[in-house]
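Shared chain: chain A. Partners: chain B in the first complex, chain C in the second.
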Partner chain A sequence: MPRPGFVLDVDRSTPPTLFWRGERFSLERLPADRSRIIYPPEPLAPLENLDGAIRHALLNPHDSDPLPALLFPGMRLTIAFDDVSLSLPKMRRPDSRQRMIEAVLDLAAEAGVDDVHIIAALGLHRRMHEYELRHVLGDRVYDAFHPRGMLYQHDAEDPDNLAVVGTTPHGEVLEINKRAAESDLVVYLNVNQSAMDGGWKSITTGLASYRCLSHHHNPETLQNTRSLVDRHKSDLHKSVWRMGEVLKADGPKIFQIETTLNTDTFPTPFDFLSKREWEWNAKDRATYLATAKALDRTPTRMARKIFHGIEAPYRTTSVQAGDTDAVHEITLQHVFDQQVVEVEGQTDILTMGIPFISPYNPESIMNPILVMCMGLGYLFNMYRNKPLVREGGVVIMTHPTYRDFHPVHHPSYIDFFDEVLADTNDPAVMSSKWEQRYAEDEWYRHLYRTGNAYHGVHPFYAWYWGAHGQQHAGKVIIVGGDPATVRRLGFTPASTMDDAFELATDTVGRSPSITHLHVPAMLVADVK
Partner chain B sequence: MGKQSVSGSKRVWLHRAQRAAGGVEGVVRTAASPLRSYGFPYRSPTVPRGVEVPADAPSLGADYDTDWARSPVARATRGVIIEGPIRLAARLITDPEILGYDRLTDLTALDDPPPVIFAPNHHSHLDTGLMLRAVPPEWRHDLVIAAAADYFFDKRWKAAVSALALNAIPIDRDVTGRRAADLIRSLMAEGHSLVIYPEGGRSPDGWGQSFKGGAAYLSARTGAPVIPVFIDGTGSIFGKGMKRPKPGRSRVVFGHPMWLDDGENTRRFNTRIEAAVSALGDETLTDAWSARQRAARGESPPLGGPTYNGWRRQWELSEHRKRGVAGLRRRQKRRWPDLGGR
Partner chain C sequence: MKALQIRRSAARLGIARVASALNPATAAKWGPLEYRTVDEPELPGESWHRVHTRLAGICGSDLSLVEGHASTYFEDWVSFPFVPGHEVVGTLDDGTRVVLEPVLGHEARGFAPPFDGAAPGDGDDYAHLATGHLEPGIQTGFCCSTGGGWAPSFVAHDSQLHRIADDVPDERAVLVEPIAGGIHAALLTWPTIERNLADGERPVVAVLGAGTMGLAAVAGLRRYLPDVHIIVGARYRHQQEYARAFGADAAVAPDELPRAVRRVVGCHVVGDHLSSGAHATIDAVGTSSTVAACMRITRPRGRVVLLGMPADVTLDLTGLWHRETELKGAYTYGTETLPDGTRARTFQLALDTAAAIGAERLLSATYRLTDHVDAVAHAASAGRRGAVKIAFDLREDS
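Then we have the complex of A and B:
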C-alpha cells in the first residue's frame, strides 16, 4: 500500500535534506523547530494490463460514442500527441503514447480508414528529433508513417496550414492546425503528468498558432492564474476552455484520450532520490556519496548527458477516453489522488532545489531563464487554494544558474537574456516593448520551422510562466548560482543556504518559518 | 636408382607398422584373457532355452525421460551453455535484430512474469538457438523447447544433448499425446515457459506451413498466453537441406500476447495465432500500418506463400527473401562504373 504524501516537522534529529542543484545535489540541514519538509506521495499501483485498459477506454468512452462508431472508410482521421515536454524525465519505452496510438490504429485499420495523419502537438516548442519521435511513438509507427509524410510536427508559423475555427465572446481567435481543423475526427493523446496538462489546453496550445496562443500566454493572464494546477482559478485555463467551447461548436469532432502517471520517477541506481532521507539504507547512502562526489568532479556537459539519459520507470495509473470535458475531470481526480499533499498554512520562506530538467529543456541545457520558469513558474504553482509561501515571503532556490544556453534549441533565449533582461524583468514591460519583435523575427521563425529551435517568443512565455510567483514573492534568492547571472534575473545570489537564510531576514524577520518542497517526484500542496 | 630406394624405405616402414600392430594385439589379448574366465555377473547372462526375454521398455523418442535435465546441476550447466556458446553462435551466424519487446511490457513488468508459450514460425535448426538468444531474460532460463521426438530423441546421445543444452522435451509430431501434454502442463505449473513450433517442423521449401493446433491446445489447457513470433532470415542461413550454414542476418519479431477468448475453440484460436504470425511477417517485410490494414481486411500474405507450385513458387520465394532481412545480406555496395580515363 503506497504511503500518502507527508509533511515532516524538522527537529534536531532530522537528517539533512536533499536539495537538487541542477545536474548535482547536496544535503542541507534546515533550522530545527521552524522548518518542515513536504514529501510527495509514494507511487500508486499501476494498471497491470495497459493495452487492455486502453482498448477498454476506447470502447467504453465517457460522454461519447465508442471510437469504432466514430470511424468510417473514407474519413480524415488526425491523431495528435503531446510532445517531448512530457513526461519528465522521459519514460521508459514503450511510451504510453505509442501504446495509445497503436490501439487507435488497430481500430482505424479494422474500420477501413486510410487517411490517417499523426501530428506532434508542439505549439511553439522545438521540433522533436527523430530519436525522440521514435522514443515516443515506437519504431513501428515511425517507420510506417514518417516516410510517407503522414507523421509530422505542427508548425505554428505555416500560414498555409493554419485555419481559424472561430472567435470566443472575449475576442480570442481560435486558429489551429488546418489538417486537424478539417478532419472528420481528431484523436488527442495526452500524458497528464500534471493537473495543468490536458483538457482543452491540449489542442488550443499544442496545435495552435502564435496568434491564438498569445491570447492566453501573456503576463495579465498568467498573473491571474492561481494556480496552474487549479483550472477553476486559472485565467489561462478559463481562456483555453472558452476556446474549447468554440472548438466544440464549430470545430472537428474531438476524441480525447488522457492517461495519468504514478510518481515512480527514478530508476536504479538513482532511486534513492525519491526516498525519504531517514529511510536511506547503507546502499542508498553509499550511492549518494559516490554519485555526489563523482558529479562534483564531472564536467557539467557530461553530468548533463548522464541525467538526460535517465529513463523514468513511470507506469500508467489510469486511462480515460471520450468527451474532453468529461474525460479531463476524471483525469484530474486521478492526478490529485497521486499528487496531493495536505499542508497546514503558509510559510515565510519556501525552499526548492531546481533539478536538471524542466518542460523546455529535455536533452538540453537548463539556462537561467528556465531556472526562473521552473522555480517561480512550475514549482511555485504546485499548490491549490493558497501559495505555499505567504505574500511578500521569500523563495530560495538552489541551482548553479550558469550563463549557458543551447544554441540550437534556445537561440532566442540568448538574445532575451542579453537584450531584454538587461532592460527589464517586468513581464508587462517586456510584453509591450519587446515581445512582438522577437515573435516576428524572421531568423527565429526560420530556426523554429526548419531546425530544432523554440519559437522566438518562447523565452517571453517562459518568463511570464513565473509572473505570478514573481509578483507574489518579496524576494527570490538563488543559492550557488553565478552571481552576475542571478542578478540579471533580478534575484539575489547567495553562496550557502545559511547565507540565504541570513539574507532573507531583511524581508521576513529573524525567525521565519521555512517549508521545503521535496521534488521531484511531482506533488500538489493543498494549502489550508 | 632413386625410385628403388624410395619404395624400399616404404616397405621398411610398413613392416615396422605391422610388427607394432601385432605387438599391441598381443598385449590386449593377454590383458583380456583373465576376463574371459569370469562369467556372470561380470558378463551378461546367458538366456535359458525356451525362455523369452521381454523387450526393454522404449526409452527413446517420445518416451525419453527428460527429468534429469531439470536438476540443479543440469540447469546450471545449461545456463552456461545458453549464455556462452549458444549466444555467441547465434550472434556470429545469424546476427539477429530483435524487435517487439515493447509488446511484452505488461508481462515483463510484473514481479513474477507468468509462464508463456512462444509460437514462432520455423525454417531452420538455428531457430531454437535464436529463440534462446532472443527470448527476454524473464523467461529465458526457464524455457522448455518442444522438439520433434522422431528427430531429436531418436538416438541416446542426441536426446541427451537436446535435453541438456536446450531443455528440449520430446513431442510426437503426428499425434498430440496426452503424456506430452500432461508433462508440459506440469512444467508450466512449475513456472517453465514453452517454445513450440506450431508448423510441426522446418519448412521444406522455404515457405511456411499451416499451423498445427499444439500451441492453441496447450494454451487452452494451461491458461498461459501465446506469444506469436516471426523469425525471418534463418531459412536462407541454414534452411532444410543445406549442408552447412551460410552466416547472414536474421530478425525476430515478438507480437502481442494472445489468450483464448471466451467461447472460442482451440481451432479458431490456432487460426488467430497463425494470422498473428502472418501479420508480423507482413509487418517485417513492409511496415506496421500497411500490415495492420491488410490484417484487418484478412489479406495478410499467408506464411505458406502462393498457392501455385513449381518453379513460380521458388521464383516468388527469392523475391520474398529479397524483401526480408535475408536480402540485406546480399545487398551489394554501390560502385561507380569504371569508365576508363583518369
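Then we have the complex of A and C:
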C-alpha cells in the first residue's frame, strides 16, 4: 500500500536533505524546529493490463459513442499526441502513447479508415528528433506512417496549414492545425503528469498558432493563473476552456484519450532520489556518496548525457476516453489522488532544488531562463488554494545556473538573455517592447520550422510562466549559480544555503519558517 | 638627451617577439626599445620647429614594434634608429602648445602637396615618404631625422602642427591623434552606407574592438554619421561602458557581436556567417580572427574597414569573394569629405570631437620615460587592467 505524501517537521535528528543542483545534487541541513519538508506520495499501483484498459476506454468512453462508432470508411481521421515535453524524464518503452495509438489504429483499420494523419502536437516547442518520435510512437508506427508523409509535426508558422475555427466571446481567435480542423474526427492522446495539462489545453496549445497561443500565454493571464495546477483559479485555463467551447461548437469532433502516471520516477541506481532521506539504508547512502562524488568529477556535458539518458519506470494509473470535459475531470481526480499533499499554512522561505530537466529541455541544456521557468513557473505553481510561500516571502533555489545554451534547441533564448534581460525582467515590459520582434524573426521562424528550435517567442513564454511567482516572491535567491548570470535574471546569488538564509533575513527576519519542496517526483501542495 | 629609442637589432627583436608572448614587461626590458642618451635632432630647414614633449601616448603600432611583431613591410618605410612617439602634445620654443599631426607629408619632405590645402596624409603616391631631404619614415616617431615624442624634444614641420587653445588640457590633446584615426575610419564607412540612408534605412555599423581607436571610431560615427546604428564588440566592461557613453546603441562581448548584429538586422545565420549583416564593419583590432569575424558579420557588398594595424593575417577569402565584401584600410587621416559634402581636415574634426566627448577621461595612466618598462606593460594589458590610453609624461622635463 503506497504511503501518502508527507510533511516532515525538521528537528535535530533529521538527516540532511537532498537538493537537486542541475546535473548534480547536495545534502543540506535545514534549521531545526522551524523547517519542514514536503515529500510526494509514493507511487500508486499501476494498471496491470494497460493494453486492456486502453481498449476498454475506447469501447466504453465517457459522454461519447465508442470509438468504433465514430469511425467510417472515407473519413479523415487525425491523431494528435503530446510531444517530447512529456513525460519527464522520458518513460521506458513502450511509451503509453505508442500503446494508445496502436489501439486506435487497430480500430481504424477494422473500420476501413485509410486517411489517417498522425501529428505531434508540439505547439511552439521544438520539433522532435526521429529517435524521439520512434521512442514515443514505436518503430512500427513510425515506419508505417512517416515515410508516407502521414506522420509529421505541427507547424504553428505554416499559414497554408492553419485554420481559424472561431472566436470566443472574449475575442480570442482559435486558430489551429488545418488538417485537424477539417477532420471528421480528431483523436488526442495525452500523457498526464500534471494537472496543468490535458483537457482543452491539449489541442488549443499543441495544435495552435502563435496568434492563438498569445491569447493565453501572456503576462497578464499568467499573473492571474493561481495556480497552473488549479484550473478553476487559472486565467490560462479559463481562456483555454473558452476556446474549447468554440471547438465544440464549430470544430471537428474530438475524442480525447487521457492517461495518468504514477510517481515512480527514477530507476536503479537513482531510485534513492525518490526515497525519504531518513529511510535511506546503507546501500542508498553509499550510492548517494558514490554518485555525488562521481558527478563532481564528471564534466557537465557528460553528466547531462547521463541524466537525459534516464528512462523513468513510470506506470500508468488510469486511462479514460471520450468527451474532453468529462474525461479531463476524471483525469484530474487521478492526478490529485497521486500527487496531493496537504500542507498546513504558508511559509516564509520556500526552498527547491532545480533538477536537470524541465518540459523545455529534454535532451538539452537547462539554460538560465529555464531555471527561472522551472523554479518560479513549475515548482512554485505546484499548489492549490494558496502558494506555499507567503506573499513577499523568499524563494531559494539551488542550481549552477551556468550561462550555457543549446544553440540548436534554444537560439532565441540566447538573444533573449543577452538583449531582453539586459533591458528588463518585467514580463509586461518585455511583452510590449520585445515580444513581437522575436515572434516574427525570420531566422527563428526558419529554425523552428525546419530545424529543432523552439519558436522565437518561446523564451518569453518561459519567462511569463514564472510571472506569478516573480510577482509573489519578495526575493529570489539562487544558491551555487554563476553570480553574473543570476543577477541578469534579477535574482540574488548565494554561495551556500547558509548564506542564502542570511540574505533572506533582510526580507523575512531572523527566524523565518522554511519549507522545502522535495521534488521530483511531482506533487501538488494543498495549502490550508 | 635621454630618450627611448628603437634600434635595428635582429637579436633584440627576436627576444622581444618571444618574450612578449610571456610578459609585455619582459619584451620592453629586453627588446629593441632602450632608454639611452641620444642626440637632439637638427632642424632640417625653415618652417621646422623644435617641439618639447609634454605628453606622448603609447599606441598599438608602437607596441608592435616594441614587441617585435611589426610587419616587415615597414622596413623600407622607417629609418633606424628612431625615437618612437607620434601621439604628442608639446610646446614650441616660444611656449605655444601644439598637437602633432605626425604624418611626414609632402610639404615636410620638401615636395609640392598633391593639392592646395592638402593634409600631410593626403595623396596617392608615397614616394615622398622614402625620399627627399629626410630619412625614410612614414611619421614622426618612425624617422631617425625627426625624433619622436618619447623624448624631451623632437623636430616637426609647420604642416604637422596644430596650435591648441589654453583651455584644452594636455590630457585631452594627447588623444587627438588617435581620435583622428578613429574618425577617419568612421568616415570610410560613409560611401557604403550612404545609399542605405537614401533608401530610408538606418544603416548598421559594427565596431569590433574598443581600445582607444575603436572608441574613437564610435565617437566619430555618432558625431559625423548620426543616423547609423552602432553595435560594438568590446571585451571589457569599462570598454563597453565607454562605447555606450560615446554613442553606441549596443555594446556586447566580442563573441556576442554576431548575434547582436543579427538581432538588429533580422537576418539568418548560415553556417558561421550572417546571411546579411552590418552595412559596414570597423575592425579596430587587426588580427586574423578579428578580420575574419568582421567579414562574417558584414552583409554582401558591405565594407570592412581595417582600423587596427593587421600585420600578417591568414584569411579564407572565399566568403569575401562570394559576398563581394570590400576590405578597406584606414591608415591615419587627411582631408575628409563629410556627408553634407563639405571637406575638413581630420585633425580639426578630432579636436572638436575630443572636446565634445571629454577625451581626457580616456587617459588612464602616465609614466616617466624612466619607467618605460612598466608603461609598456600597462599599455599592452590596458584593457585587462581597466585602462584605455597610457602615456609618457615629460612635463617636468620640458
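As a convention for this text, the second predicted complex is superposed on the first by the 528 of 528 C-alpha atoms of A that agree within 3 Å, B and C clash if a C-alpha of one lies under 4 Å from a C-alpha of the other, contacts with A are read in each partner's own complex, and residues count from 1 in each chain.
Operating definition for what follows: a contact is a pair of C-beta atoms (placed from the backbone, for glycine too) under 8 Å apart; a residue touches a chain by one contact, two chains touch by 3 or more.
Predicted model only: the values in this text are computed from it and were never measured.
Visitor: Quick check on the chain A-based superposition: chain B and chain C, clash or fit?
Guide: They fit: once the shared chain is superposed, the two partners occupy separate space.
Visitor: Per the contact definition in the header, classify A:Asp65: touching chain B only (first), chain C only (second), both, or neither.
Guide: A:Asp65: touches no partner chain.
Visitor: Could you look at A:Leu105 and tell me whether it touches chain B, chain C, both or neither (first, second, both, neither)?
Guide: After superposition on chain A, A:Leu105 lies in contact with chain B alone.
Visitor: Thinking of the overlay built on chain A, is A:Asp415 touched by chain B (first), by chain C (second), by both, or by neither?
Guide: second
Visitor: Considering only the touch criterion stated at the top, classify A:Asp498 as touching first (chain B), second (chain C), both, or neither.
Guide: neither
Visitor: Is A:Asp441 touching anything from chain B or chain C once the two structures are fitted on A? First, second, both or neither.
Guide: second
Visitor: What angle, in steps of 10 degrees, lies at chain A between chain B and chain C when each chain is taken as its C-alpha centre?
Guide: Placing chain A at the corner, the angle measures out to 110 degrees.
Visitor: Of the two partner chains, chain B (first) and chain C (second), which one does A:Asp9 touch, if any: first, second, both, or neither?
Guide: So A:Asp9 meets neither chain B nor chain C here.
Visitor: Which partner, chain B or chain C, is in contact with more residues of chain A?
Guide: So, of the two partners, B touches more residues of chain A.
Visitor: With the superposition applied, I'd like the minimum CA-CA separation between chain B and chain C in Å.
Guide: Once the two complexes are overlaid, chain B and chain C approach no closer than 30 Å between C-alpha atoms.
Visitor: So chain A touches chain B in one structure and chain C in the other; where do those two contact lists coincide?
Guide: In the superposed arrangement, which is not itself an observed complex, chain A uses no residue for both chain B and chain C.
Visitor: In the complex of these two chains, what residues of chain A are touching chain B?
Guide: 46, 48-52, 93-94, 98, 102, 105-106, 109-110, 112, 114, 116, 138-141, 143-145, 147, 315
Visitor: For chain A, which residues count as touching chain C in their complex?
Guide: Where chain A meets chain C, its residues are 414-415, 418-419, 441-443, 446.
Visitor: Could you pull out which chain C residues touch chain A in their complex?
Guide: Contacts found on chain C: 250, 252, 256, 259-260, 262-263, 266-269, 275.
Visitor: Which positions of chain B touch chain A when the two form their complex?
Guide: For chain B paired with chain A, touching residues are 99, 102-103, 105-106, 109-110, 256, 283, 287-290, 292-293, 295-297.
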